[in-house]
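Step one of this worksheet: look at the structure below.
In this document, chain identifiers A, B, C, D and E correspond to the written order of the chains, with residue numbering beginning at 1 in each.
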């Protein structure tokens, strides 16, 4: 299996604070990785540096084969990122939004409806402005916008937050399916007790590094 | 026990959508209530109408003895509300922020430090701008701002979201203590499996009403 | 109430101190606007001398609107408006506190602008007292109007553009009065500058009264 | 690339259509600014006729800045900038798309403003072609500069005040050129209006080239 | 809302207002006859002076409407102080009065501009009265816009009420602008404590026109009030339907 994410002694800095302090990690294609760790451990920072949103200030970082120190924009088209925030245009209607995200990656229009249904956004919400949705409904729209892009690498920051239990299970199914089709998934979660559920490997972070790795090879 | 929240056939409207559709509920002093329900069930709307942030368009609503149709600002000084968002001034430093919230309710300066420690915000973060905190750290600051006010009624919308497991347990302890001292607590949560933990009563909402009530009298 | 008011003032000024928006960004911007206006009017210097009073207030209007905007950006960011509404601090104190903090910031802006105009437009002051009183009156009026309208548009979407739209018609009379008073103070017009200055005080007083009485329910969203 | 560009344009215009900011709020505001400026300059009507060209561009500058602001408010709200950066759409298309959408909105604004000026300031056009060409050139220049600076300030805090501070110095030359070109077109100045109009095209072209080449880097935050 | 008022409210006309409507038409016709034929042409302004009979009563009615808006806003605020959902009718009154006021301010602006074209040679002058009038117009347009923004009806009404009070500041400014600034525009010809400057038929025609315009304005206002109330009823019914449809969806997902 080829390495999808390959970080070696990666240091990343935000402001003047080192958010990653020499992180070593190799993620192979098809893995489903659960990131755990205290608040402030660096999970978000790690996910964002995988997406190239935080620049690597020392060490070696490769994502999907691209050297992040050469061009950190390159791998993005293959990556789907869901952060703490939902990244939604709140003036648009639900369906318009997902449609736009779909068109951006060249997906067909029919994919939009499929994704919305898959994630469990009921039809009567499709032409409601995103601004008037509830927290969980918004999260689902954000997930649908991701699903529609069929990314090769999924980076999810607490994807379950504010979803109801049914949608949580549904999301787990979606992720499991995606990984079966060859996608790699890295998601952070604080769910307790640690239902590793779909995760094939659990990584515990702390202080900007990996503390424990259930699948250390 | 006197009723802290007393809703009778309450209808509330947002935009032109009825977010509460005839909600009946009586909460006695000292109860710890867990709100459950699907996304869009109306949990947030209920909490906000308890705080007087959504006006009641028909039905009868009393909170802490105040008639919400006469003056919905009146009970607010006794209420602590934690929404989906954290309500933080991101330019201020952590301690300054909690200090301001403390002073607003007339709490002593020493209470600030006590609250921050109680919630588990480490001292080295006290003079960091809130804008550069991690998601969970912000949530803790928001909780500390609440704790410092010693509210009589706590309204918490997914308070555990983005907290790490240690902080979750810690929060439960804080809430349990508060309720022992006579505070009433209503919190929404999607945590699964339903760890009723500290809750003395579980209410399931749906379609803007109460569907199930574990403590129906 | 005084303590609460000061609490709000301190918080607002502290936010300003940390972010340095008024001094670091709005003041230079207002100066730039002066230059741009001079450009647009083709640096006809006699015109600039005649119009200095008016242009000063146009620049204050522009910078002041930004400061008012910023003052409520801070309160609405991260769902903060909820906390503002839930605050145990009384509504009149919130109103006075935010107005005072704005007064300080707009005042600073005017100091910078005043020096800028003196330098760029080559004006000569004939009545310092009137100039000062008019400036203070105008600043008070701007601040209280700003807080009133700021909170009214705070719950609404697209505040960034709605706020100026609502504010400008209300601030326009202040701008008119300020311009005329300044023109008298700068000796380019014999009119009764003091009448204009008092008109500004009247406007400020009306708005303050409305604010003290109505701020509580203006806060509400729905 | 064309398809991607149009995708961005459509999205931006759709957001505008839903929120009706440009037409519903910015255009009336710009008209108001015309009224306020006229009054600040004390209704000297011959001055207004002479200065109409300049005041038009001042109002466009003001309204345009708000539109640019709004265009990036939409992209930064709810952490949206991340999605903008992660977008599979190429950076040049993002740049062109947003510029085009802004062009349409600023163009509409100018139509409204133009009619307003014609009515209020009592102007007479002597050279319609020049007027039109200059307006288009200025609008293109405003749009591309706006998108360039908009994205540069998008990652930063307090964009609401920072953006105009960065923009105004860049837009000032366009404003200057536009004012002169308009003055020729309105027959109040014999100057070479066409030179000014072409200057605007040059400015627009330079910014477009920079935008096409560098938008990718400019997008990055840190 | 009782059932009788509900059924009454389905229409905007009642016998009384039909009579008022006929009266309005008759009065307008008479006003046209008086203004256009009976009253003499002015010595200086010639026939153009006939614009006076629409120009001036319109703005007076607008002033009156704005006074009404302010007064009912105050009453509304007082009523809602007692209980949050009280005083709706004052709010409707304020809204309909402001609409009528804006319309008549518009008429003054238009007639003024036409008049200006005849007497001053341009449609527009940067004159204090003209400028303040347009500001007045815009301010109340803003007020009407605020009333239309999507928000909780109660909150919207409260904000509108406060805005009405603030907007009213402009009315005296418009009225006194001719005294405070040096202007091209006519000084006040009818004013408290001052002898009227026009006399005879012109004076009487002006007074009569004012009466006629008042009747028209009243008729308009009553109808606007009723339309607003009907709209509110319609919204209430739509809401009731929505609630019951949400209740039927017992799975809870709206």
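Here is the rule we go by: a residue touches a chain if its C-beta (ideal position, glycine included) is under 8 Å from a C-beta of that chain, and two chains touch if they have at least 3 such contacts.
Source: prediction; values computed, not measured.
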| item | value |
| --- | --- |
| Identity of the chain that, by mean CA position, is farthest from chain E | A |
| Centroid-based (C-alpha) most distant chain relative to chain C | A |
| Two chains sharing the most contacts, counting C-beta pairs only | C-D |
| Gap in Å, rounded to a whole number, between the CA centres of chain B and chain A | 29 |
| Rounded Å distance between chain D and chain E, as computed from the means of their C-alpha atoms | 37 |
| Mean-CA-position distance for chain D and chain B (Å) | 45 |
| Length of the line joining the C-alpha centres of chain C and chain D, rounded to whole Å | 26 |
| Where chain D touches two or more other chains, by residue | 19, 28, 32, 35, 39, 42, 157 |
| Junction residues of chain A, two or more chains touched | 14, 84, 91 |
| Residues of chain E engaged with two or more neighbouring chains | 135, 138, 152, 154-155, 253-254 |
| Complex contacts: residues of chain B adjacent to chain E | 11, 13-18, 21-22, 37-41, 54-55, 57, 69-72, 205-209, 211 |
| Chain C partner contacts - residues on chain B that touch it in the complex | 14, 48, 51, 53-55, 72-73, 76-77, 79, 81, 83-93, 96, 100-101, 103-106, 129, 145, 149 |
| In the complex with chain A, residue positions of chain D that touch it | 4, 7, 11, 14-15, 18-19, 74, 77-80, 82-83, 85-89, 91, 216, 219-222 |
| Contact set on chain B toward chain A in their complex | 14-15, 17, 37-41, 44, 84, 125, 132-137, 139-140, 157-158, 160-168, 190-192 |
| Parts of chain E lying in touch with chain B, wherever the complex brings them together | 82-85, 150, 152, 154-155, 235, 238-239, 242-243, 246-247, 249-254 |
